[in-house]
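Here the structure is laid out as structure tokens; the discussion comes afterwards.
Chain nomenclature is as follows: A, B, C, D and E, assigned in order of appearance, with residue numbering initiated at 1 for each chain independently.
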């Protein structure tokens, strides 16, 4: 069968083709919104027109079968209109109030997880992990599933002091939001890569391999047509493995994940913040990483108990001080916590005032 | 005449030889103090014993004649006891209340400047300048005299929101407190040093000269037995001049001073802070640097007018934001203000929230 | 080893490095104690004795202190030579 | 459903309330053996605690340099279905709005040529089709592009721009995030599809400082809506919040970072010139408070992930710029910014990293933006600043 | 008084209320021609806007490597009186306490051999004698040392320690600053007078977090007094402050950085475990509030001026250590700290700079101090942390 005529540089379809009529009519004219439940809200326009949103959790990795199922639901209740959020949830856009409760009921019977709106845990931003990426040092989707199963109540109904944004990065490239999340997991290697010299000689371009190392830890060994790694300098980033697989960064017994906390993105109240290291390491324990799940719950519950209303995790920690964060959560403070990277000087305590 | 027998490594005389009896008796047993005036205070011990202090301004550069005069005053009113402060003021230590007012009266007739206690401007920490140092890029003592003459009222009686610590550094070595002062002056060069190659060859050790440059801007020129300076890298620090005077960093027409603000040392309320650049440059205008004096008064008066009680200059600026500091003081913001040094990333604004 | 012999080693080394590298006390002590297999404190004592009588002197330049062979001017000022 | 492989560990992940990606992969096995072998290899990863993917070589569609990520199994004999396992990035519609018809169209083509698995969406914003083979790429592209769907971007190129829902469904949008993102995506088609930059360049647009698209943290060029005039206050609604039991003093006034919002028990007053437009009060009292009317955008530059010298958040470059159709001013500014970066960056140097190396001055001079205190959180601390010959001439 | 030189610009600086250093220099002309030529050369500097001093070569007293700063005029023919213009540093008594007799003794010797000019005091703390010649140095040293005054320090050595007035006249002193400084000065005599370190090393001791000696900003090793238990509150005095018109709520409670101090209109209550001992409330209400009784010191390391990589403030190393006579624990800790620095630093590398290069871990391990959250303001941001073989063995 002949293929249709390809077109180039046409860009995406224009979004307005996909907007429900009520949005088209009230575009940019919204007046306020109201949260109706953990997963439903209504936006009201200057004109008085309304659009209801029902938000459902999504694993992000969706089969076409599920996408079709969602499409059918949109047809039945939303005139065919829906969207996804920047955190990968599905949002059904209801223009007819009488279809709202029936949609919610149907989603409930179909075991969709409704929630993520308001001061709650929403979906976890994450990326490929072992599902698709050569660089992965853990599996993102599995971790997300395990954590979200545990925190399901905080997604569907339980209320926190403010939104809590979780993220998982499956390696230090951090293809997501880990560097500025309330609580996040980042996978880390802990050992200098092992070199299979025979295969390096066979398979790798030496200059490219040398050039791939961000810390200049790799030097060429022209005599043996291979490379050597300066262990002092290597920070286990795995870049070399990307360009030269015989340099194996993976060590199943020593790879694992760290937990970082206290980041945020919005400028509300306080400036956006980077996440900081809370727990330097857990071994990978597939399929459900129980220690990681427990550690996150512990941090979340400590926050829930001690933070003021509207305080994000990072704002709470900065108010009480990191030394108190460690004592309240019972997390051990280690050498790994102390910044020895480029910006050590801005993280050390330069004050005689601190809590014990 | 034969010299007395030298002794080595005896260290200083033990301080307790110089403590007035009331201090010896109540050492470490002080209960509280009261400010009595801009330059007098009383400390009260658990025992009820009291010691009165009268603080006078000192130019720090004292002739032996003046030291003898001070000693005579101490004999007359203080049983011979006195001390100097960490900011170089003189403190007469009065143990007998009946001698307090007579001392104050006598100091007043002798034109001593009594003050510097409490929420005021105290003496300016400064160092050698043209009086003694080869590295000086301005004169410290002259600047101090000019500024303090202008701010005399703030030393003797006028009250500010909190203490205001001033400092002057006569070059970027900053042999004082400029890097953490409320308002301070630091002398800066602005041009790459001029090289007198013939004399470099004659007078300087090339390796030492090359090694003296903190930014590695100096390279040897072995052919002509001299050195060359990479203009891109030179930050006009003058270190090379120190080891090799034919590399002349001084340029009378382009040397001058910058004003920095907002530093503090104590841990009260907020962490100690570095001073930040307020005004990048004024030409040296001896003997009285009128523009510098005016600029400092402008900053001080703006602070006096807008800060809350107990706020130090840096605390006030951080509360209102630096953008507001510049608009309230009317100081122009220039490229020089933007950090392009090692720690640029921590000084840029990473937030969508700011004032216009 | 006699203190005098140690001092000769120290002096020879200082002379050798003169104009090449500014030696700190530590450099000399490290070098001589290694070469002659001596205890560092012994070398330090010998070195200090030399400094005390002006055989060697402390110098300062470019922000750092070092130990050097005294200049004639220094020896004259200290009354070591006429 | 019994698959080709035993997957006891993965099966564990079908339990529990959160929707299961394993269930999704299993559903896709009805479409393709790719999904089956993906499950098999993933089970092996779970068992052995390591991945088995190899870096992609060069795969793509004719004429384009991006939009497809090559991926190969390092165990092709064991899992032939994922010997090739490439990803296709389809450029999402701004704001991730779809109709059911559009989604079915996407699915139909993908079921025909691919694994039946997707990511809705990739972390940059693309609609990601997960798992196909090199020989299918041209067909996939022809099918999609003929129906109005183009590829997104990858590699050293302008990356697929994305944005928050903005005026589509948000009362705080100060700029038309959807329109601007569509405009920029169209404007930079060539730069997106033909990687000619030193490294990746990402643009994200948020309608206000709440930043629901993490523009300030995940984009080389962050566009954030804001306003210039006064916050609009509806005192009747203020009272309504108080009546509903909101502690306005504690929750709003005391949390206003500038102390410029005061509540006297009845009314809210705002000293607007001291307001930083941080959005806190507005976000928590949406019925009572609204952004001002004179609207535009703040342009920030430089955020990125931690490799190599630590993460960066974006830096304010232009505090306020008009951003209305046809978006000329913003587009020109962005072009200038990219031009400077493109002219000066080493390979694999993001603009934030380049700025740290070069300093702000040459950049601001090149894009013709004056220094402003809004660009810094605080001025420099050190006395080592530079002067140009021109500076010295100014007396 | 008519001097050897016309000094019209300097004469300007004799006007005005603040005591004049020019007047002081003129007074010294009665003692020496040095002062006269110093004035002459200074007038020239004011006229031409540049200095005329040359770097000191090697001057000092036999056996010592410091305590004298060599200085030469670069215009010796024009100003022969300052051809040599060396500075002698006399080690001040702790806390800058003197008797008139002691000061006269200092003056008598100085008038005999020097310029008649001093600095009371140098910025590190020494009593500085300003302006003498090489041939006078041995005599000056013999005269002073025979009377119990030793030289201070200069060069790559332990620098003269200094401290705040502390228990001598301050109700907040948590440690004996004067005693500890005297002890350390005596303990490090050899290291002070014989420069064997990589670079300068300064110690400053403050009795509390108010830090009236700028220890945290101007010392490689900062010792700051603190306490462990509860702030002592005298409620009657709290009431007295309120009666005197102090706004305790605004001035104290709202300025308490941890919000741990509460005022109910009558009494102050403090949640002491959340108190950071910042000293604000105590400093502003000295009659009502006092430091706790279990006292000791916080040890911080590393502050310095900006050359080369920007100023540093000191970093907390040991949050709390006992510091009482005979000061054994503190002395041993300081010795260990210096030993690590001395073993690892390059020439001209201060300990703060070395720590930035090496990181905290090797240092803390060497001095046997465990990692503690009190040492950091916040933990690291990046995911690039290191593991030792020993770390990996711990399961």
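Rule of thumb we're sticking to: a residue touches a chain if its C-beta (ideal position, glycine included) is under 8 Å from a C-beta of that chain, and two chains touch if they have at least 3 such contacts.
A quick note: this is a predicted structure, and the numbers were derived from the prediction, not measured.
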Shortest path length from chain B to chain E (each step joins two touching chains): 1
Common touching chains of chain E and chain D: A, B
Farthest chain relative to chain D (centres taken as mean CA coordinates): C
Where chain A and chain E are represented by their mean Cα positions, the distance between them in whole Å: 49
Geometric centre distance via CA averages, chain C-chain A, whole Å: 63
Between chain A and chain D, centroid-to-centroid distance (C-alpha), Å: 13
Euclidean distance of C-alpha centroids - chain B vs chain C, Å: 38
Shared interface positions of chain A, touching two or more other chains: 172, 174, 179, 237, 267-268, 271-272, 274, 341-343, 345-346, 350-353
Contacts with two or more other chains, residues of chain D listed in rising order: 209, 211, 216, 257, 276, 278-279, 306, 310-311, 313, 377, 381-384
Residue list for chain C, restricted to those that touch at least two other chains: 22, 61-63
Every chain pair meeting the contact rule: A-B, A-D, A-E, B-C, B-D, B-E, C-E, D-E
Complex contacts: residues of chain C adjacent to chain E: 22, 24-26, 48, 51-54, 57-65, 67-68, 71, 74, 77-78
Of all residues in chain A, those that touch chain E in their complex: 172, 174, 179, 186, 188, 190-191, 235-237, 254, 258, 260, 262, 274-278, 280, 319-327, 333-356
Interfacial residue positions of chain D with respect to chain B in the complex: 208-209, 211, 216, 224, 226, 228, 257-259, 273-279, 298, 300, 303, 310, 312-316, 319-320, 355-356, 359-361, 364, 371-387, 392
Contacting residues of chain E [partner chain D, same complex]: 306, 310-311, 381-384
Chain C-touching residues of chain B, taken from the complex the two chains share: 205, 208, 211-212, 239, 242-243
